[in-house]
Each structure stands twice: as structure tokens, then as C-alpha cells.
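What follows is subunit A paired twice: with subunit B in the first complex and subunit C in the second.
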Partner chain A sequence: MAQELFAPSSLIFSATLLAALSGVPLLFPWLLNASRAQLLSIVLMLAASCAGLTGAILSIFSGVSVLFELAWTLPFGSARFGVDPLSAWFLLLIFLIPGSAALYARSYWHADSRRSNVRKMTFFCGLMTAGMSSVVLARDGISFLFAWELMALAAYFLVSTEDENPEVKEAGTLYMITTHTGTLALFALFPLLNLLAGSWLFPATGSLSASSPLASAIFFLALFGFGMKAGIMPLHIWLPSAHANAPSHVSAVMSGVILKVGVYGLIRTLSFFHGIPLWWGCCVLVLGVISGVVGVAFAIGQHDLKRLLAYHSIENIGIIFMGLGVALIGQTAGSPAMMLLGMSGALLHVLNHAIFKALLFLGAGSVIHATGTREIDLMGGVARRLPYTALLFGVGSVAICGLPPLNGFVSELLIYLGFFQGIQGEGGAAAAAALAAPALALVGGLAVACFVKVYGIVFLGAPRTESHTAKHEAGWQMLLPMLLLAVLCIAIGLAPGLVAGHLQRTSLTVLPLLANTAGLPLQELVPMTMITLSGVLLLALIAVFTFWYWRKLKLAPCGKADTWGCGYQRPAPRMQYSASSFAEMLTSLFAFVLKPQNHRPDKIAGIFPGRSSFYSHVPEAVLELVYIPLLKRMYQRLSGIRRLQGGILQQYVLYSLVTLIVLLLASYL
Partner chain B sequence: MTNITVINGTIHIFLALVMPPLLLGVIGKTKAAFAGRVGAPFFQPYYDIIRLLQKGTVFSTTTSWVFRAGPIVALATTAVAALLIPFGAHQSPISFDGDMILYAYLFALGRFFTMSAALDTGSSFEGMGSAREATFSCLAEPTLFFALITLSRLSGSYSLSNMLVNISFGVWLNNGAALLLLVGGMFVVLLAENCRIPFDDPNTHLELTMIHEVMVLDHSGPAFGIIQYAAALKLFVLGAFFVHLALPYATGNPYLDWGLFIISMLELAVVIGIVESVMARLRLIRIPQLLVGATILAAFSTLLVIR
Partner chain C sequence: MISLADQLLVLVLLINFILLGTSRLIFSIRAVAVQGVILGILPGLIHPFSWHLVGITVVIITVKGFVIPLLLVRAVRSAEIKREVEPFLGYVPTLLLGAVFTALSFGFAGRLPMLPEHQNFMFVPASIATMMTGFLVLTTRRKAISQVIGYLVLENGIFIFGLLLAEAMPIMVEVGALLDLLVGTFVMGIVINQISREFSSLDTSRLTSLKEE
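Moving on, here comes the complex of A and B:
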């Protein structure tokens, strides 16, 4: 009995339940005061995190798949849930990030200072975590959709936490519209899958043929429905405003985890098929390249710290899609090395991005808390007052750029090696890989530019404005989760060998073709020990040089002076290079997609010219220039149909009844 | 590990430590010869670095630890990259599948800290330099990766040592067009990454037009010495990559090959000196065009070997 209680799957299911209930203490204000209730719900959430993580790690280690059946009397039969290494891999982030965010919220969103919305925020945080966990546990179409909607709706309430603000409300509405458009595609996807497989239960890996037109339809629907949630490039429109307007720790969970649940859906759906045609892989790869390059280009143009991070999520989802594309192309080309490298690179990047993006969003939250603004150009010199936050944010910045010796480098290396394996082949597969690798390099270069901008303008230099000078370091409840995430970045970066075996086992569960060539360890394709060795060598050299430099500074005279102003006598902090000036060259290079709006000053003339101003802004060009005009035209053309929507509940119930009767009659005909 | 690998490794590290500033000396001498001057001695860069290391330091009051970390990280990353690249016909001391990605990303890490250190001073001039460096290095990155792909395809291997040592006159005979395009593309990258003319003028003193030199305006004393040395080492390491492509001499005798490598590097320095003597600095807005042009050359070469 005790053994069963501590079985990985029971731990995971109880963690899901615990997370769902974690917000309940705050719902009884007459029993517990808000501050104590918040503490209790954080403890519940942390317990759920610990249990869930333990369960996930144990089931990855054991590598077994289990399936449970929950008999109930709904029309679609019993619900099935299960745990396998793929689910367990995603459960790692599903329990890690919300747990960290919950602790962070104690200081960032304290019950006493946020009385009006702390209940809603905490309750839906728990519910969203439970929803995400159920999505990856679900093993039949109907349970999947239930869990999916639970997650999507809880996220809506979290985005609109501060719904008294019109901007937040608008972001919430946009999120709601897009998430339901995506769900619509999923509503079509699962019946088609049912048609193809003959059951609502998910088919076994590789059991369906990808050559039928029905399979192609399923592929497109999955790409659309899950791509919408993942925020892949032309479908990303909800993401920047939702991430910017949610509380920072919620953004951390949304960006770190919810997007990945979309990726999970796609991987799961693709795993059902065998004989995948080349164009599937190329489709995913091209979408990945577009998201990567355009996402990071948009990020460079942003002045809002959280919007900028949101665009980086689009970029990183692009990198994950590139990995998936390599794996799919490898499946077509019959190259186990490509499959393994691409899939494990994508899976590792899923975990890595969750870690460093959550770290960056939490760091951004601390900065916004301290400066009272999201505008990068108003900040500056934050590192002086928030040294620990600055250090931890620095670790996150280096990691997200994919630089050694941190974790982002390892996953990008795996994907790169997948490309390099691909170019040894023939035909289309080789050409696709050869063109994608430089694109990933460009993404890496642009990410470095963008994070130098963020780090340099926000944390370094001198404060740009008096009113937004950072005031205080974040509390320990905020620093501790960030520290944990930063340590994970370093640990995975320095010792990737620790996760290699798990990556391989997880990849095997989704790539049935790999099982036939089981004698191909990931360690042989990527020398993990050499990554560790070179990382340690780099750090050792840095340590030696630092020691030497420190000795040198102690021996020689050391003076202090103002920054060299090139002869100008009265430099002021406002004259520092700003984020917009830093990004100007790159945004003008990418002007053909970014469509930046520059408001130039009026003509400056005369001896005493009047006041003048300049500002530049990179809008969400895809939303404003493509979708909104399109939707406006649809709105005008389809005005006749709007009469169906009366806003009266009874009318809608009637519609449902009529539909049911029609369907009943149809089944007799 | 055999005796010969130990000896080769020792020579590799010795050359990487000692030779880089000499390239700067040769470039300077070549430019002086073109201008009809005697020029500074070949060893002047060594004297400069040693003198800087003995000086005191002045720190700007705006700066934090990032400013102090900039030069150190730049040197450490370049030093590790120097261990990954093969010199001449010899394998590099550290070589593994995927080391070419590490090689490229190490430079990016160094750049991350150099650019952050520049922004740490709060000077708008240094911010300008940092923005330019960020922009131009982004555009140079794809060229390097096209080159790596072409080389990987030609050699069928995944490590720098095997890719580069594989290049020989035989490979040139079979894939002359592809390699010629690569040499063109990589020469542009070599000049751009090391901030040489026509991208940047290491001798200029007009802050508004500079890239690399303006980023390090506020560094002084030992830190500036480190920066000078790291820049020379970067030229040496990227130069070693280029020399493999352009001058793939190999005799088979390890000691002769070391001599050939040193001569090739000096030839490269003379060529850079000649380019700097006969060309002017490009206007800033022309630089992206040239870099994209280099990328297209490299892309053509990739397509030639993939087709």
C-alpha cells in the first residue's frame, strides 16, 4: 500500500489535485486572514511542486508508461490518464516554475497590499497548474480538451488579474479570442483522429500512416491549434500583450510553461504517425526559422521590458520548432542521428527556456517593482541598488543567448549538430538543414545584441530619471526562486551529461523509429564530457585572470574619475545611449518586417528653436497590419450572421437543442 | 597520448601565447612601408602591452563589476577558442564533435561582456560603439556558419580540427569554386570581426566613427593591456581559421609544418597590412551591405557543395 502511495504516478496525480486546491484557503476570508491564507496556499503549492517533481523525476528514471482509466458516464466514455517519459519531461517544468512563482508572489503580490485581486490570482494560478498537468497526463481526446480548456480559461483570469486597467482588459480579450480560435482547431482535430484511429484513446506511437489526406489535415490542425498556444510566428499576436500585462510571476509561468504545453500537444500528435513526408518537417522547420528570426527582431525594437521578453519567447519557440523540424526531416531521411539530436535538442530547449525565461521574468518583476515602470529607457543603473537581482538576471541573459557555459548553449548545440548531420545527406533534407543552421546563428547573434541592450540599459550605467531610480533590493522570497533557477541554468550548462540519458529515453518514447536503432547513445553523438571540460576550463581561466587582475589592482595605484566625456564638460545621465538608439541600426535593417514608426521632430530652425521631441516605436506589425484590417473586412461582410447572436442565454440553449435534434435526425437517415 | 601530441600541444599553446602581438607589428610595418616611413619596430605591440600592464588604473565612478569583468571574459573566451582551432596541419589540443559551435559562441560570450562593459560606463560614445559591434557581429555570424557547413560537408566531420586539416590542394582542385567563394566571405568576416579597415580603423581617434576602440575608451592600465592582447589573440585565432582555407600547405613533417604555419600567418598579416594601406574606411551605412554580400558568397559556396 505504502509502495503504491509513493509510486511516481500517484505522486503526480496527488500533486495535480493539491495544486488545484492550493488557492482554496484564500476563498474563506471569514476563517483566515488574507496574509495567513496566502502563506497556507503557498505551502500547498510548494508541496504540490515537490511531490510533482519527485514523481516526474522518478518516472523518467524508471522509463515505464502507465495508463489509468477513470470510468464515468459522460457520453464519450471513460477518461484515460497516463504517465510516460514524455509527459514526465513536461511535468518537470509544469511543477518547477509555478512552485517558484508561488514563493515569489509572497513578496511580489503580497495579500496585504493587493487585497482586491490576490484571491483571484492565487486561485487561478493553482487551477492553471493543475490544468497544464492534466493536459500532459490526458490520454484521450475528450479529457485532453477538458484539461486544455481548464488551463486556457484559468490563464485568461490570470492575464486579466488587474482588469480595472483598460490595457489589461484588452490584452485579456485578445488572449481569449485567440485561445478559442486555437481550441476550435483542436475540436476538429480530435474527431478526425478518432476517425483515423477508431477510438478516442490516443493511438500508440507510430501506429498511423502519415500518407493519407486525413493525416495531413490533422497535421495542419495541430500546427494551427497548438501553434497558436505555443506562439509560433504568424499566430503569436496574443502573446506580447498578454505577457506584458499579466503580473510578472504569472508571465513567468505563461511564457515558461503554457507555451510549452502547446509544444507538447504538437509533439504528442506527431508521435502517432509513421512515414512522415518531407514537407511536414520542412513546414515545422520553416515556421521555426521565421519565428526565431522575426521574433528576436521584434524583441530588439521593444522598449517595454516585459514585451521584449515576450518576443524572446516567440524566438525560443522558434528554436524548439527548428529542433522538431530536424527530428521530422531525420525521420523522412532515415537518419537516426538527426532524429535523436533534433528531438533531444528540442526537448532540452523546452526545459531550458522554461528555466531561464522564468528567471528573466521574475528578475524583470523585481526591477519593475523597484523602479515603478516597464519602460527600459527610463531605467538605468539598477545594478547599484539591486546587486543580487542584477547578477541573477545576468545569468539568465547569458543563458537565453545560448552562450557557453550555461544551459542554452547545450540545447542549441544539439540542434546545430542535428543540422550538421543533415547536411551530410542528399537532396531536400540536406538543403533545408544547410539553410537553417546559419538562420539559427543569426538568431543567436541578434539575441546577444538584444540582451546586451536590456542588461546594459536597465542594470548598468547611471539612473536615467530621478523618479524611476531603483529603490530597494527584492525580498528573499523573490531572490530565492531566482537563485534556484540560476543554479539550474549553470548546472545543466556545466553537466549536461546528467540529463543526456533522460533526454534519450524521452526521445525514444516519441520516435518509434529510434527504437529499432537503440544502440545509438546520445553521448556518442555529443561528447557531453567535453562540454563540461571546456566549460570548467573557461571558468577556471576567468578565475585565474580575475585573481591576477585583482592582485595587479592592489599593487598599482588606482584612481576614480568621471566617465570620459570626449571633452564635453557637463555630461548628464540623460545623455546616455538609450535602448532605442542602441537598437536603431538593427531595427532599420529589419524595417521591412518591423515597420517601425518614427516620429521625427519638427524642423529645427532659427537661433532659438522651440521645444522638439522624437520618439520611435515598433508596433505589433502582424496584428496591426494584417489581422485587424482582415477582421474588419470580415466584420463588415458577415454582418448578416451577427443577428444570430442576441446575447440572450435562453436563445443559445435553444440553438443547442435544435442542433441536437438535427443531429439525432441525421443519424436515423 | 603519444609523445608527438604532447610536443604539438606545447608548441600550440606556446605560439598562441607569444605570437599574436607580432601580427600587429607586421601589419604596422607593412603600412609604414607603404607610406614610405620606417615604422615602429616589429615588437612594438609587445612593449606597449608590457608597459600597460605595469601602469595604474583609473575607474569611472559609474562603473560596476561588469566593467572589470569585460576584458577578463574577453581574454578567457579567446584563449579557450585558441585551444579549439588547429594551427597548420596539426590537430588542436581540444577537439570534439561540435567544437565549431563552441568556437563561434565563445566569441559571442566575449562580445557580450565587452559590449556590456562599454554600456556600464554610461558614455554615449561607448554605447554607440557597442551598438555598432552588436549589429555588425550579427551580420557576420551567418557567414561563419555557412563556411562551417561547407567545410563539414567537404570533410564529413563535425570538429574544427578534422574540417580544417582536411583542406588540401586536392580538395581545392575538386571544389575550387566553392572554396574560392568561402575565402572571399571569410576574409570579410576576418576583417570585420577584428575591426580592421575597411570596417573600423584601429588608429583613428575620432570617437564618433569608431567601433572597437570606442568601446574600450574608459579602460586603462592592466585592463587595457589585456584588451590589446585579447584583440591580437582574436586576430591570430580567426587568422588561423582563414589560413587553413586560403593557404593549405602541408608537408607531412610536423616541424616543417609548424614553420609553414608561422610563415602563412605572417603572410596573412602582410596581406591585411596591404589592404589597410590601399583602402579607406567604409561609410558606416555601407558596412551591412558588405557583410550581407559576404554571407551571400558563403551561401553560394554551401549550395555548390550540397547540390
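Moving on, here comes the complex of A and C:
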């Protein structure tokens, strides 16, 4: 009995239920005061996280798949849920990040200071976690859609937490429209899958042939529906505004986890097929390259800290898609090494990105909490007031840039190695890999530029404005989750060998072709020990250099001056480099996609020019220059159809009547 | 007993025509009440005795025959309207359409794949004809009260169809159907209240001003 109770799957299922119920204590304000209720909710959420993480880790260790059937009398038959290593891998982040976010919320969104919306926020946070967990546990199309909608709707209420603000409301509406457009594709996808496989139950890995036109239709629908949620480039329009306007810890969960649930959907769908044609892989790879490069280019142009991080999510989803593309091309080219490296790289990057992006969003939340603004150009000198946050944000920045010795480097290395394996092959696969590898390098370089900008402008220098000077260090409830995530970043970065075995087992569950060629350990393809050794060496070098520099600095005479004083007589903080000036060169290089808007000063003339102002802005070009004009034109063209919706009740009933009569008459045909 | 049931169903069909032909609201409400009472009696005639059946009969007669009609009469009194003036389609054309639909439903019922023991009853055609009547009332009348009446008639039609299955019909389905009715009445009650407050009239076609342009 005890064994049953602590089986990984029962731990996971009870964690899901617990997470769903974690917001309930706050719903009874007459029984418990808000602050205590919030504490209770957090305890429930942390318990759910611990149980879920234990269950997920145990199932990855054991590597077995289990399937449960929930017999109910709803249409479409019984619901099926199951756990396998792929689900368990995604469950790691699904339980890790919301747990950290819940603790963070205690200080960031305290019940006493956010009386009006803490209830909604906490309740839907729990519900969203349960929704995401059910998505990865679902094993038939109908349960999947139920769970998917639960997650998507809960996320809507989280995005619009502060719905008294019109900007937030707009972001929520945009999210709602796009998420439902994506769901529409999924509504088409699962019936087609049912048609192909003959059952709502997910088919076994690699059991369907990818050569039929129906399979291609499924591929496109999956790419659209799941790509919309994952935020792949032309479908990312909801992502920046939603991430920027949600509370920071919610952004952490959305960016860290919800996007990955989209990736999960795509991986799961692709795993049903065998004999995948080359163009599937190339499609995924090209989308990945576009998202990666354009995403990071957009990020460089942003002035809003959270918007910037949101564009980095798009970039990282691009990297994950590149890994997936490598794995798919490897299947076509028959290269087990490519498959394994690409899939492992993608999966590891899924985990890594969740960890460091959540860390960055939580860090950004602390900064925003302290300065009271999201505008990078109004901040400055935050590191002096928030030293711990600055340090932890720094760890996250290095990780997201893919620099050693942190975790981002390891997953990007796997994908690079996958590309190199591909280049050694021949034909289309080699060409695709050869073209994509430099793109990944470009993405990495631009990411470094972007985070130098963020870190330099926000944390270093002197405060730029009096009213937005950082006030206080974040509370321990905010620092502890960030510390945990930072430690994980370092751990995976320094000792990738620890996760390699599990990573390989997870990859093998979705790569049926490799199951028979099991004698191909990831450790042989990737120099895991070298990574550890060089990482430790690097850290040691940094430590030695820092010590030496510190000693030297102590001996040297030092004075105090404003940053970027440039020898002026009366330097002022506003003379410092601003985020826009730092990024100007790169944004102008990418002006052909970014379409930056510079409002140049116009009144500068004469010896004593009048007051003037300069303002630059990088809009969401895809949304504003492609989608909105397109939709406007459609709105005009389709005005005839709108007459069907006359607003007359009787007219609507008439539609039903006419349908009924047509159906009755059809029986005479 | 079956022949008695058939005769009662003919009465139901006649009441349908009354509903289509009259403009006086109180009169149509009474007609619907009578129809409800008849429907309440019907299960007792075609199925053997059981307490379950008695329960169904009592609940249906109370709800369909008395509770809902009383509520509607009160709504009519408080709104001070007596007649349905200027419907979308006149009374004579509606009556003619009703006749066509009734004929059509008899024709159609013969084509449904029914069990042999249900083959000769009038239940299926009466059910379809009643549903059609409900639809006609819903589409042609303007006043919110007429809408409620149309909805009730539609439900009655569905109920007649369910009679064939009364033995197999689990209590859930009945409760569901009654709940439907209740919800419908509620919704319409809200609509009636809102319309009369906003526009000081009970004309549902005023709802167009709620449409987004």
C-alpha cells in the first residue's frame, strides 16, 4: 500500500490536484484573513511542487511509462492519462518554476498590499500549474484539449491580473485572441489524428507513416497551434505584451513554462510519425533560425525590461526549434548522432531556459519592485542598492547568453555538435546544418550584446532619475527562489554529466528509431568531463583574476566621479549611455525588420537652441505592419458576412430552424 | 390506452395551432399550460405503473402546468401588455406554415429508423410538429413573453420524444430537461427585465442596439 501511495505517478497526480486547489484558501475571506490565507496557499503550492518534482525525478530515474484510464460518461469515451520520461522531463519545470514563483509572490504580491487582485492571481496560478501538468499527462486528444484550454484560460486571467489598466486589458485581449486561434488549429489536429490512427488515444511512438498528405496536414496544424503557444517568430505577437504586463512572477511561469508546453505538444505530435521527410525538419529549423535571430534583434531594440526578456524567450524558443530541426533532419538522414544530439539539446535547453528565464524575470521583478518602473532608461545604479539581486541576475544573464560555465552553454553546445554531425553528412541535410550553425552563433553573439546593455544600464552606473532610484533589497522570499534557480544554473553548467543519462533516456522515448541502436551514449558524443573541467578551470581563473584585481584596486588611489563623466566640468547622471544609444548601431543594422521609429529633435538651430526632445521606439513590427493591416483589410472585405449577425434574436433562431428543415428535407434525397 | 394517448396528442397538435393563431398573450399562456398538463398525463398512459412514473407525472404537471404559466401571467400583468402586435410574420401565414410543417413532420417521421413497437404511434410526428411550432413562435414574434412561450413549446416537443424512452430515461435526463426549462425561463426573465428597463418596451428586436458595430 505504501508503495502504491508513493509511486511516482500517484505523487504526480496528487501534486496536480493539490496545485489546482492551492488558491482555494484565499476564496474564503470571511474564514481566514488574506495574509494568512496567502501563506496557506503558498504552503500548499510548495507541497505540490515538492511532490510533483519528486514524482517526476523518480519516473525519469525508472524510465517506465504508465497509462491510466479514467472511465467517465462524457462523450468521446474515457479519459487517459499517463507518465513517461518525456512527460516527466517537462513536469520538472512545470513544478519547479510555479513553486518558486509562489514563494516569490509572498513578498512581491503580498496579500495586504495587493488586496484587490491577490485572490484572482493566486487561484489562477494554481489552476494554470494544474492545467499545464494535465497537458503533459494527457494521453488522448480530448483530455489534452480540456487540459490545454484550462491552462490557456487560467493564463488569460493571470495576464489580466491588473485589468483596471487599459494596457493590461489590451494585452489580455490580444493573448485571448491568439491563444484561441491556436486552439482552433488543435481542434482540427486531433480529429485528423483520430482519422489517421483510428482512436482518440495517442498512437504509439513512430507508429504512423509521415508520407500521407493527412500527415502533412497534421504537421502544419501542430506547427501552427503549438507554435502559437510557444511563440515562434511570425506567431509570437501576443508574447511581448502579455509577458510585459503580467506580474513578474507570472511572466516567469509563462515564459519559463507555458511556452515549453507548446514545445511539448510539437515534440509529442512529431513523435507519432516515422519516415519524416526532409522538408519537415527544414521547416522547423528555418522557423527556429528566424525566431532566434529576429527575436534577439527585437530584444536589443527594447526599452522595457520585461518586454526585452519576452523577446529573449522568442529567441530561446528559436534555439529549441533549431535543436528539434536537427533531430528531425537526422531522422531523414539516418544519423543517430544528429537525432540524439538535436533532441537532447532541445530538451536540455527547454529545462535550462525555464530555469534562467524564470531567474531573470524574478530578478527583473525585484528591480521593478525597487525602482517602480519597467523603463530601462530610467533605472541605473541598481547594483549598489540590490547587491544580491544584481549578482543573481548576473548569473541568469551569463546563462542566457550561452556562455560557459553555466547551463545555457551546455545545451547550445549539444545543438552545435548536432549541426557539426550534420555537416559531415551529405545532401540537403548537410547544407541545412551548415547554414544554421552560423545563425546560432549570431544569436549567441547578439544575446551577449543585449545582456551587456541590460546589465550595464540597469545595474551599473548611477541612478538616472531621482524618482526611480532603487530603494531596497528584495525580501528573502524573493531572493531564495532566485538563489535556488541560480544554483541550478551553475550545477547543470558545471556537471552536465549528472543529467546526461536521464536526458538520453528521455530523448530515446521520442526517437523510436534509436531504441534499437541503444549503444550510443550521449557521453561519447559530448565531452562531458571536459565541460566540467574547463568550467571549474574558468571559475578558478575568474576567482584568481578577481582577487588580483581587487588587491590592485585596494592599493590604488581612488576618487569618486559620475559614470561617463568624460572630463566635463559638471557631469550629470543623464550623460550616461542610455539603452537606446547603446543599442543604436545594432538596431540600425537590423532596421529592415525592426522598423525602428526615431522621433528626432527638430528645433536645434542657432547658438542657444530651444528645448527639444529625442525619442526612439522599436514597435512590434510584425503585429503593427503585417497582422493589423491584414485584419483591417479583411474586416472591410468581409462586411457582407457580418450582416448574418444582425443582433436580432429571431434571426438567430431562424438559422436553427432553416438548418433543421434542410436536414429533414435531406432525408428525402 | 394507446388510442387515448393518440387522441391526447391530437389535442397537443391543436393547441399548437392555437398558439400560432392567437395574438392574446394570456390565452397562449393558458394554452401552453393545458399542453403541459396533457404531457404530464401521457407517460402514465403508455408505461406500466411505477413510483418513478408517478414522480415524473407530478413534477411535470406542477412545473409545466402551474408554476411556469403562473410566473408568465405575472410577468404579463406587471408589464401591462396584452397582445402581440406587429409580429415579423402575420398570423395567417404562420398558421399556414405551421400546417405545412405538421404535414412535413408526419412525412418525415415515417422515414426515421424506429423500433417496430414505436412505429405506429403518433409520438414522433407530434414531437417534431411541436418543436417546429416552437421554432415558428420563436422566429416570428417580437415580444419577450412570446419568446418564452416559444421556448416552452420547443421543450414540450423534445419532451414528447423523450416519452418513448421514459423507462430507459435515467432521472438525470429528466432533471436536465427541467433544468433547461428553468434556465430558459430565467434567461428570458432577465431579458424581459432588462429590455423593459432599458427601452421601456418588451420588444426583443430592440436588442439589436446591443450589437457591436
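As a convention for this text, the second predicted complex is superposed on the first by the 619 of 669 C-alpha atoms of A that agree within 3 Å, B and C clash if a C-alpha of one lies under 4 Å from a C-alpha of the other, contacts with A are read in each partner's own complex, and residues count from 1 in each chain.
We adopt the following convention: a contact is a pair of C-beta atoms (placed from the backbone, for glycine too) under 8 Å apart; a residue touches a chain by one contact, two chains touch by 3 or more.
Everything quoted here is computed from the prediction, not taken from an experiment.
In the superposition on chain A, A:664 makes contact with subunit C only, while subunit B stays out of contact range. Looking at the shared chain after the overlay, A:28 reaches neither subunit B nor subunit C.
Contacts of A:460 after superposition on the shared chain: subunit B is touched, whereas subunit C is not. When the two complexes are overlaid, the chain among subunit B and subunit C that reaches more residues of subunit A is B. Of the two partner chains placed by superposition, only subunit B is touched by A:449; subunit C is not. When the two structures are aligned on the shared chain, A:476 is found in touch with neither subunit B nor subunit C. After overlaying the two complexes on the shared chain, residue contacts for A:562 are found with subunit B alone; subunit C is out of touch.
By the touch criterion stated above, A:547 is placed in contact with neither subunit B nor subunit C. By the touch criterion stated above, A:653 is placed in contact with subunit C alone, subunit B being left untouched. Shared contact residues on subunit A (touching subunit B in one structure, subunit C in the other): none found.
Those residues of subunit C that touch subunit A in the complex are listed here as 88, 101, 104-105, 108, 111, 128, 131-132, 135-136, 138-142, 147, 150, 204-205, 207-211.
Looking at the complex, you find that subunit B touches subunit A at residues 53-64, 66, 68-69, 72-73, 75-77, 79-80, 83-84, 94, 96-99, 101-102, 104-106, 108-109, 111-112, 115-116, 118-128, 130-132, 134-135, 137-146, 148-149, 152-153, 156, 158, 207, 217-218, 221-223, 226, 288, 295, 299, 302-303, 306.
Residues of subunit A touching subunit C in their complex: 645-651, 653-654, 656-657, 660-661, 664, 667-668. Touching subunit B in their complex are the following residues of subunit A: 380-381, 383-384, 390, 394, 397-398, 401-404, 409, 412-413, 416-417, 419-421, 423-424, 430-431, 434-435, 437-442, 444-446, 448-449, 451-453, 455-457, 459-462, 525-527, 530-531, 533-534, 537-538, 541-542, 545-546, 549, 552-553, 556-566, 571, 573, 575-577, 581-586, 589.
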